[in-house]
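Down below are the structures I want you to see.
Okay, so chain A shows up in both of these, paired with chain B first and chain C after.
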Partner chain A sequence: MSQSYNRGLIEDFSRWREFQAGMWAWIFHKFTGWVLIGYLFTHIAVLSTAIPAANGATMMFQGSETDVFTGTIVSLEGLLLVRILEVGLLAVAVFHMLNGTRLLLVDLGVGLEAQDKSFYASLILTGAITVASVPTFIAGAF
Partner chain B sequence: MAERYSSFNSGGRMWLIQRVTAAFLLVVLAFHFFLLHFVHHADEVTLAASSARMEQLSYYSLMVLFLVTATFHGVNGVYNALVNQGLTGTKRTVVKWSLVAASVVLLFQGIRTANAWAGGFPLL
Partner chain C sequence: MSTQTPTQTEESSETDAEADVPSKGDERRDEKRRRAAEERARRQAEEAEKAAADEETIELKVFRYDPEIEGKQEPRFDTFHVPFTKGMTVLDALMYSRDTYDSSLTFRHSCRQAVCGSDAMFVNGGQKLACKTQISDLEEPIRVEPLPHADVRKDLVVDLEHFYDQMEAVEPYFQTNEYPDGELEEQRQTRENREKIKMSTRCIWCSACMSSCNIAAGDNEYLGPAAINKAYRFAMDEREGEDIKQQRLEIIEQEHGVWRCQTQFSCTEVCPKDIPLTEHIQELKREAVKNNLKFW
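What follows is the complex of A and B.
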């Protein structure tokens, strides 16, 4: 006799205490994905200042006239908050890439039995790459 | 009634494209981060340097393809996440076409920006 088992809605986040590694990987992948697509829209909006800049639009920046693209990017990069957010973006992107690699491999039949270990490895590697990148991302902000 | 027989249903095809774009994005996103944060630093960005890169057809093509694949991968991911959360019926249709419209705007604006850097489509 087959038995039915009501597992409940796995997308019910109120059950987070019951989640195991695979579920956390799924949640983090969704969260980092939302951040990245949100950032893509913001990124293109900021980079669009190249359109008026290419047509000669300028702004005053640090006492001299600069094209609006260069002035916008360099003044944003001068803010410590932006540098910190960039480190966060790197962490989000690195996790999404490492966990995405893990998902591609599992889809190809590689490493399914070690999927929890590969999730933990993704987390540790993300932390290591992010910490190692902090000096590069913060350089010149002070 | 005839039924549709295929190795891929429409959901399966989108699933496959999501994986193919993922594999491409893994390489190009790593390259993008490395080039624009580690080789060149973000606070050293200038219109002239960005234009010099974009005037090369190979770089321009790679960046436009990067934009197209990232837009598809991101928007398709958002759509699937919402469907996974139980989005159905009219709401699902509205969300789907809103995401398609947002993608078109993003691609249009991204390519306009690339062309502004490159001074038009770089033939050489």
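What follows is the complex of A and C.
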């Protein structure tokens, strides 16, 4: 008997040029979702300094005694990389929110014919909000 | 003529004959075969030349693979130059290539009018019905491949057994326990109900949606858009009655049923009959939730 030729799953990813709006929305939603989960852990790590700070724990920051919580945040905000990552975080969060709303509408069966347009709209809106946020996040970083 | 390999045209047919003592008839047939191969090669060269001179020819790159012939086990692309005529479809071009250049080119087709659903293929990176896809709408060279996410049997023919299994799994036929009183009474459907299921009845089992679905590719047990659409067509049919609908919803809402859909809309984009597949799947999801929600 003849065996058949299986082209495998790897091939799918080489077809990314042919992906339609809905497919991109799905990929971006997965990606931003994972990024937000990753952020959650760093977020918890930073916030966890609040309890020792409330109990009076201090650290040396710029030559003076500061409480741990403030010291951690201010020193993190002093890093250029963190400032830039914050813009990225905003973009990721905004897209995830907007596309999440879009998916909610899809689940409710509202506007399924315009699902590609609503994806583009959420992309554009994300871009606009991100650009608008740059002055706030980057001010004084350089 | 299927023993013809892409590189060694004449050698192969001659080595075939050497296997046992060649009779006069065998020799004659060999000679005939050899001449036919030469003729074909000559015509192909001619056509390619004409293609260079004449702009009214289209270039077709067709996926070729045949596990039964040694020289064809390595998948490759063959180029065919086909004279363009107004209104030509991808299927027409394939048929021209098969009839003119290589009779071993294999693909399914039957009605040629988008009703039988045999000729779903992967054309220029999208699942299309070959008989419904105009050449003039495509960019050249036109790449024709078999449907992704299905095992290739030969050239453009894929194994659809799994797809048919999934279709069968949703019991795609009318069932009811509520019969009309009279022996000869008809089972009538309201106009509104007919209108509701209208689009879902259009499915021609071409498997384009199943092939485009990213989830179905990774999860072999997932029913797939076509099967769910079939389930929708009967679950939404009011004539079947409440008990049968309950039975259908049990099939639909199982682990690898509607809940596997991630609303990528790939199926809806490729459906040659414009069935709003995602919409139907989403409606069945809501139906399943409503079915299981209890507030007491």
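Criterion: the second predicted complex is superposed on the first by the 125 of 142 C-alpha atoms of A that agree within 3 Å, B and C clash if a C-alpha of one lies under 4 Å from a C-alpha of the other, contacts with A are read in each partner's own complex, and residues count from 1 in each chain.
As a working rule, a contact is a pair of C-beta atoms (placed from the backbone, for glycine too) under 8 Å apart; a residue touches a chain by one contact, two chains touch by 3 or more.
Bear in mind the structure is a predicted one, so any value in this text is a computation, not a measurement.
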Open item on the list: Contacts for A:135 in the overlay, against chain B (first) and chain C (second): which applies, first, second, both or neither?
Closed with: neither
Open item on the list: Which partner chains sit in contact with A:21 here, chain B, chain C, both or neither? Use first/second/both/neither.
Closed with: second
Open item on the list: Looking at A:40 after the superposition, I want to know if it touches chain B, chain C, both of them or none. Which is it: first, second, both, neither?
Closed with: first
TODO: Considering only the touch criterion stated at the top, classify A:112 as touching first (chain B), second (chain C), both, or neither.
DONE: second
TODO: Based on the superposed arrangement, let me know which partner A:56 touches: chain B (first), chain C (second), both, or neither?
DONE: neither
TODO: Would you sort A:48 into first (chain B), second (chain C), both or neither based on which partner it touches?
DONE: first
TODO: Return first, second, both or neither, reflecting whether A:67 touches chain B, chain C, both chains, or no partner chain.
DONE: first
TODO: With both structures superposed, pick whichever of chain B and chain C touches the larger number of chain A residues.
DONE: B
Task: Residues of chain A contacting chain B in one complex and chain C in the other - done: 9, 11, 103, 107
TODO: Please give the residue numbers of chain A that touch chain B in the complex, ascending.
DONE: 9, 11, 30, 33-34, 36-37, 40-41, 44-45, 47-48, 50-51, 53-55, 67, 69-70, 73-74, 77-78, 86, 90, 93, 97, 100-101, 103-104, 107, 133, 136-137, 139-141
Open item on the list: Looking at the complex, which residues from chain C come into contact with chain A?
Closed with: 65, 67-68, 75, 125-126, 148, 151-154, 159, 214, 217-218, 262-266, 268-269, 276, 278-279, 282-283, 285-286
Open item on the list: Using the touch definition from the top, list the residues of chain B that touch chain A in their complex.
Closed with: 19, 22-23, 25-26, 29-30, 33, 37-38, 41-43, 45-47, 50-51, 67, 70-71, 74-75, 77-78, 81, 84-86, 102, 106, 109-110, 112-113, 116-117, 119
Open item on the list: Using the touch definition from the top, list the residues of chain A that touch chain C in their complex.
Closed with: 2-7, 9, 11-12, 15, 17-18, 20-23, 25-26, 103, 106-109, 112-113, 115-116
